[in-house]
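Below, chain A partners chain B and then partners chain C, in two separate complexes.
Let's turn to the complex of A and B:
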């Protein structure tokens, strides 16, 4: 028991970050499951983080209300920008959401209420490891059920072939927007609980690098199962610490190792690392309708 | 009239893909659509399913004007289709393809599933049973758990029909459904289409296989450069001098 608490004392913050990154990875998983490549999810997390932080600090809102409001604002923003943006496909959608992410970052730098470039400082530390993993568990359960629901099947159909999905009676704009908004909501929750973990949030944390990182979690872990992005987030968040333990400390080398892992996964395991564990499950049409193989 | 085209026009940058196309399809029949390549057959099917908007004209399905409706609304009226170039969800299994096709019929509501209610489990079981039924209807129930991408060409065409049947259509649009099929498969499809019509489905069918069309269709419309050359029974169409000249060739 003592060794466990010692472990937590050393690695507690790492464990927390793994959980938050996993939730963020899942937020993008939702959007990707409809075949929509969004690079805006980091910005949605930023909106959730700032909104909830401001509500707690300036308006003395209770923690759950701040979190819900932050996620809600994130979802509403996604709804507003989703309508025009989701008319675009593939790389154009990625570029539009990327631009949106930059707008959010620059807005955070230039507004007074967000604390400018220094960031929002002094957010009460209310998030615990239990809360993070509770949210992660709830999100995982929700998404695994979503997969077998009408929404999940619609998203899979759109990802596979949008034209065929249309003539099957799927309102593709509606479901694409739904996936986008749901992803933003989950990202907003993650951002909001992150803000209350960290005392401070700064605009740079939600920029391009973070957006791409979420995509890498999904690619490395795998997008065929809800556990894939979690695995990706776990490995790539824990890896620097593991490397540090092995005596490798260089920061730039760390990015290189990340890149190497990404490359190897794309080349040799296009379905992601989860496929190593998942081969059996993926092979049959399971209860929740496990899709087989990659969409790439 | 079950499906009625009234002066449907559609041009693609100066090319008249469809020019004042007018004919009707009778309920509970198989209606053939023939014509040389580029005569507008697929465009016409696209107009019916809502993928291509017509420039002018009216299209009535069971008395409802559908020429301005989006594809999903048209599907909701009971119109299903297959594609000439086959659009399956190739990463999903055959069974999953058909389940996806049940979109309009099976609720799959989220809340009962989150709460793991028995009703959700029952619905799921029935939906899977139903999907297997669709697969066996086209004769590929033994391929249920195989990814659609690994099917043979003929099996893909069958699966696409099975997925369309999952919608329980009143009108089925088939774009070259037997292209690339072997003789035995063609005969199976023939009896499938007949049984569908007996069950009350109306079929509008594009096909190049003339003996097949002549055997199966009660009426046939001939398109030529986007215009309706004629509509009539197989005998009338086969004996029509302009059709022979434009399409069947002098030899017939």
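Let's turn to the complex of A and C:
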């Protein structure tokens, strides 16, 4: 027990960040499972983080209310921008969500209530490791249920071939919006609990590179299975610490290793690292690993 | 009035650099339908290489300039070989190409960091003669004129090359349909490699001009222009070279005009990205784009 608490004392914040990044990665997983490449999920996390932080600090709202309101605001924003934006496909959707994310970031820099470029400072620290992993477990459970449901299969059919799905009588715009809003909701929760963990949120944390990072988690881990994004977030968040432990201290080298892993995975393991595990364990390898590569 | 005129001139100069950067972006997108997110990293490396050649190797800028452009083009060839060619036959080559270009961008950036360090560097003073001309109260420097002439000259040369030469026709044929081009006996892989070479060389030149204009080079300078480049090619229509040129100048002008009209520099990106968002929704093919929206 002694050594365990010592381990937590050293690596506690790393463990917390792995959990939050995993939830964020899952938020993008939902959107990707419908074949929609969104680069706006970091911005949705930002909306959740700012909204809940402001509610806690200015209006003394209790923690659960702030979190729920932050996530709710993200979801509502997603609903509003989702309707026009989701008519676009592929790269164009990615660009539109990217532009949306930039507008959110710049708005956060320029508004008074968000604390401008310095960010929102002094958010009370109410998030614990248990809360993070509770949310992660609940999200994972919910998404794995969703996957086998009618909604899950509808999303998969849209991912494989949107036109065919439409012909089969699936209301594609309804399901695409649903996936988009659900992803924004999960991102909003993650952002809100992050705000109450980190004491401060700044606009730069939710920009383009944060959005790309979420995509990387999904690709490295594997976007065919719920556990893939979690694995990706775990490996890539822990990697800098592992490299530090292994004696690699130069920041540039650590960055390079990051890029190299991503390159090797996309070239040789297009289904992600989770595919290795699935193959060995057997289990649902047939379903998750063997799926035809989808066109996003 | 004089202030406004001065702002318009400045906007035109910086806009021509944006245009040059975006032309390389749009060329690759037009031919391969792939967004090459490593373009910004090549832009950075081009600028830093020119700097290294003028300082460490002690060459004159007039020799360093073409050498750095060639080096950038060679990086483009490497990029094509390593990150894009292996993925070409995959069904989802759009998304996986995007990811592997992100991976290469991270690797390039880590190389730049490792070699040049994280600090901001500048070209040594007096490597070229910088005259200042005054017309009434409007100031134009010879550096600005050289930059705009280089940028516009290269862009016009590229337009003519793609439109009138045999190789240019081959590039357009591959852009139209890779399969048909192959059947017609066009060396498709060669054409794609050439496209990457040209695109990256132009990106590198844009990096040098940018570094000269702002008198500052840093390993993360590509980040500031990456999103602007994307905005420019969407504004002009993805895949359209004249569109990218006009889009770049329009973008540069809108930036300085927003600053001139609002009095603060905070909002210029917000205006740009809001315009971008609206264009994507109203007219996703851009101002000069092909009539139909490519389903990337």
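Quick note on the criterion: the second predicted complex is superposed on the first by the 279 of 296 C-alpha atoms of A that agree within 3 Å, B and C clash if a C-alpha of one lies under 4 Å from a C-alpha of the other, contacts with A are read in each partner's own complex, and residues count from 1 in each chain.
To be clear about the criterion, a contact is a pair of C-beta atoms (placed from the backbone, for glycine too) under 8 Å apart; a residue touches a chain by one contact, two chains touch by 3 or more.
Everything quoted here is computed from the prediction, not taken from an experiment.
Trainee: Does chain B (first) or chain C (second) touch A:208, or do both, or does neither?
Mentor: second
Trainee: After superposition on the shared chain, which partner residues are touched by A:129: those of chain B (first), chain C (second), both, or neither?
Mentor: A:129 contacts neither chain B nor chain C.
Trainee: Give one of first, second, both or neither to describe whether A:161 is in contact with chain B, with chain C, with both, or with none.
Mentor: First partner only.
Trainee: On the superposed three-chain arrangement, identify whether chain B or chain C touches more chain A residues.
Mentor: Counting residues of chain A touched by each partner, the higher count goes to C.
Trainee: Check whether A:150 is in contact with chain B, with chain C, with both or with neither, and answer first, second, both or neither.
Mentor: The first partner, chain B, only.
Trainee: After superposition on the shared chain, which partner residues are touched by A:216: those of chain B (first), chain C (second), both, or neither?
Mentor: second
Trainee: Does the superposition put A:170 against chain B (first), chain C (second), both, or neither?
Mentor: A:170: touches chain B, not chain C.
Trainee: Of the partners chain B and chain C, which touch A:140 in the superposed model: first, second, both, neither?
Mentor: neither
Trainee: Overlap the chain B and chain C contact sets on chain A and report the shared residues.
Mentor: Residues common to the chain A contacts of chain C and of chain B are 292-295, listed in rising order.
Trainee: Across the complex, what residues on chain C touch chain A?
Mentor: Residue positions touching the partner: 33, 35, 37, 82-83, 86-87, 90-92, 94-96, 98-100, 102-107, 109-111, 113-114, 118, 223, 226-227, 230-231, 234, 238, 266-267, 269-270, 273-274, 276-277, 280-281, 284, 293, 295-296.
Trainee: Name, in rising order, each residue of chain B that touches chain A in their complex.
Mentor: Touching chain A from chain B are residues 49-51, 70-72, 74-76, 80-81, 83, 87-93, 95-96, 99-101, 103-104, 106-110, 113-114, 124, 144-145, 147, 149, 163, 167.
Trainee: Spell out the part of chain A that touches chain B in their complex, as residue ranges.
Mentor: It is residues 141-142, 145-146, 148-151, 153-154, 156-157, 160-161, 163-172, 283-285, 287, 289, 291-295 of chain A that touch chain B.
Trainee: Report the residues of chain A in contact with chain C in the complex, numbered from low to high.
Mentor: Residue positions touching the partner: 37, 84-85, 88-92, 94-96, 98-100, 102-103, 106-107, 109-110, 208-209, 212, 215-216, 219, 250-256, 258-260, 262-263, 266-267, 270, 292-296.
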